[in-house]
Amino acid sequence: MNRPRAKSIPPKVWAGVVLLALALALLPFVAAFAGQAWVRILNFAMLYIMLALGLNIVVGFAGLLDLGYIAFYAVGAYVYALLASPHFGIHLPFWVILPLSAGIACAFGVLLGAPTLKLRGDYLAIVTLGFGEIIRIFLNNLNAPLNITNGPQGVNLIDPFRIGSFSFARPEVVLGVAFSGPQKYYYLLLLITIGVVVVNLRLQNSRLGRAWEAIREDEIAAKAMGINTRNIKLLAFAMGASFGGIAGAVFSATQQFVSPESFGLFESIIVLAMVVLGGMGNIPGVILGAILLTLLPEVLRYTMEPLQNALFGRVILDAETIRLLVFGIALVAIMLYRPAGLWPSAVRKRELEVKGGTA
Amino acid sequence: MSVNSSVLLAATGIGKRFGGVQALTDVSFSIERGEIYGLIGPNGAGKTSLFNVLTGIYMPDSGNFTFDGAPLDRLKPNEVAERGIARTFQNIRLFQNLSALENVMIGRHIRTRAGVFGAIFRDRQTLAEEASIESRSYELLDYVGVANRANHLAKHLAYGDQRRLEIARALATEPKLLALDEPAAGMNATETKALKALLDDIRRDGTTILLIEHDMKLVMSICDRVLVLDYGKKIAEGSAAEVQRDPKVVAAYLGGEVTLNLRRA
Amino acid sequence: MDTFLQQIINGLTLGSVYALVALGYTMVYGIIGLINFAHGEVVMIGAMVSLSVITALLGAHVQLPSVLIILAGLIVAVLVCMTLAYGMEKIAYRPLRKAPRLAPLITAIGMSIILQNLALMIWGRNYLTFPTLIEPTPHNILGASMTDLQMLIVALAGLLMAGLVFIVQRTRLGMAMRATAQNPQVAGLMGIDINVVISAAFVIGAALAAVAGLMVMTYYGIAHYYMGFLLGLKAFTAAVLGGIGNLAGAMLGGILLSIIEAPGAGYIGDVSNICGFPCLGDTLQEKCTASDGQLSLFGSNYQDVFAFFVLILVLIFRPSGLLGERVADRA
């Protein structure tokens, strides 16, 4: 990859970065004009960015179709929920649980990946799908005989992120500016998301990232080049799972409530749709995909339902149904007409420029 | 066999069966350090099967290889590559959607170390390693003559360039033995001539070459020694001139170069 | 012993349904190597359409024998499903036949979601009940009971499978299908229209799926827009269990899966009964006493997990299935 060296960043790029930073810093206040609900939506968008980037390592980089990715999100969420709630009466601080969530999700990833990664791609898809369902069914049923997960009721009153007496869930006035709970979380999430994005960018442009892409392109050739495909694939699974675990823990803390319902097959598919729509393997594309598909149901809610009310006098199709239908259509249409996604990777673009230049 | 022996690769009694087909029967040969060793035979003679057994894609049913003084038993393809055998494929297998440069950089994988920590934190050592991977890969692209295509996707390269890129990618693994499966297939006379010059350069720079090829002119002009397979059996081994005169070889090819590609095609 | 026989009879009934659905997966996989994720939804559409037709006929007070009413529903459902599968293959899978393997898998998932949500729009979110048209008269077989309906399901499924085997083994189309499964390029060179063969595989599979949809709905008496997912997954498990791409394997796998599934879940409950263990904590001891010494770690709630475990274990330890895979190696 021809990435620019740190010393050669032109001033224009710096100006762009500063503007973007300013925009991101002001965003929660702009959103708050439309209501605190929109700040929460922003927070969700960032959770989905983390999830989609994690899945992108597995699907986009290494080319392994994982249909049960949400299981790792669930593991991360429940690890946090059980270690920071009155359910067991344990209240560990979040910076202890966050790595724990990542680690345990990672262990689950290895547990699933080790025996199954030698399977052909389509078998892997169905096994991961089964695994996702197994985790959900266990979460649903591990309330008897020993109550571990509290079953379908889920875990309530989960601790918010807290540093000393500074809780992210409470509204607060800092330096004369009033911050709501979701706004405080926004900045924390932004920090974690930027961290996740940077880690992903660096992974892609590394020896390991190239090895993943080699496996995606041609596994036999990758082996012939000396790449230990089994280990490298397992690593992709483990890394993807860790990001899922981190996102899950953050989800637990922001929602302060988890239940098995949040971790169904459709959540896995939604995250997959984000990766596919934006552009498998391309980090900015995946981020775009996550943002678009998080906003989509809100947009539909605010447009389709009033529209139907105006036209037919009642809501015939609720936004949720339309959303899933749009996801389905998007998956098919993107694969048929734009397999590289809405935002194809830089190599392709560079290539197009080179071609245009010489023609 | 000592590491300093002049023999780089020795095969003894290699046999391989696929279902009812005996693809290879008791094939033995040895390759000297620094030579270009040709492997020829009519279509279906077992050349590619031998390649696949050597590079760990298939397990041999019998026999064994000794490479660089140590046995090469039951190794996976990646372990074979690590030991120092790199290969190209008859039907080019580049990483299609990656750039030419990235293809070669992937070849550096086994000779470099950076892991997750290095990738994420980009410590001094990792940065130095990345820089060396990139510069070495540029050198190799230049060496095979496709440096001006470094940022093009592999799939958009011209056919001859793809073959050369595959050689550069194989060379990036620092092989002691470079195994080429029909590198001249589909090339025109000019491209083949350039390929011959490249192979000469590679040998001069110290890499031993095992060459499967159908272009007899190329084989006869460049190979030090040639092994002839027919129906999975060795029928002749020797210098190009000797092999050409061997009656069994002539019989296998039905009397010459012209018909050689037609038979059992 | 009679409960065991009962389990076998119930297993055979449900297994026949699994087998019919599994055949659809296996035919498509055998020929183009695609897991048609949307196949389960075709089953659901079959059930829904036949339900709608039957309800409409009953509502119109048409004086027909129930058998004819069901038959009418079945025929319409079969036709709808065949058209649906034909269109689906043509629009979503055919253009991607040469694309990387990931692409058609993703469109298949997309199709599955589209069908599910279309069904949700048309038939709503609630469980729909199927009118009792066939009285479940039980017959005594060696102490176990088998209803008319169960017999009908097993017999019809058997008949359809025999018909399919006949098509595949004895007709020109069947020969073309087998040839295409071996090597599509060569089959094409021999003058076989591969597109026709592939469409046929989808369409025949869809017809069987429609029948299976009606069967499962009659058996349980309910239908739901989400019913295709689990049924499809279990049928796929059955196909893999028997050996994917293998017709006999799909049948065997379907029956075997359902036979081990129901009692299997029961046995897990017994095996994981923790009350026999020494050194239980006080709380657990109390719970054991309260529940008459039956305190299982894993109860029948885990029946669905059981099918997934079977799938995973088969894929790991015997990926070619019990009867072996009949797919040409296209490495």
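Points worth noting:
We just call them A, B and C in the order they show up, numbering each chain from 1.
The rule we apply is simple: a contact is a pair of C-beta atoms (placed from the backbone, for glycine too) under 8 Å apart; a residue touches a chain by one contact, two chains touch by 3 or more.
Quick caveat, the model's predicted, so the values are computed rather than measured.
Shown here, the protein chains touch in a chain-like sequence that does not close on itself.
Relative to chain B, the chain whose mean Cα position lies farthest away is C.
A simple rule picks the central chain: find each chain's mean C-alpha point, then take the one closest to the mean of all protein C-alpha atoms, which gives A.
The distance from the centre of chain B to the centre of chain C, with each centre set as the mean of the Cα atoms, comes to 49 Å. Per-chain CA centroids place chain A at a distance of 43 Å from chain B. Rounded to a whole number, the gap between the C-alpha centres of chain A and chain C is 33 angstrom. Taken in their complex, chain A has these residues touching chain B: 1-2, 199, 202-203, 206-211, 213-214, 217-218, 220-229, 235, 239, 347-348, 350-351, 354.
Listing the residues of chain C that touch chain A in their complex gives 33-35, 91-92, 95-96, 99-107, 109-114, 116-118, 120-121, 229, 233, 236, 240, 274, 284, 287, 295-299, 301-302, 304-305, 308-309, 311-312, 315-316, 319. The touching residues of chain B, when paired with chain A in their complex, are 55, 57, 76-78, 81-82, 86-87, 89, 93-99, 101-102, 105-110, 112, 114-116, 118-120, 122, 126, 129-130, 133, 151-153, 156, 169-170, 173. Across the complex, chain C is touched by residues 59, 63, 65, 67, 115-116, 119, 121-123, 125-127, 129-131, 133-134, 137-138, 140-141, 144-146, 265-266, 269, 272, 276, 280, 317, 321, 324-325, 327-332, 335-336, 339 of chain A.
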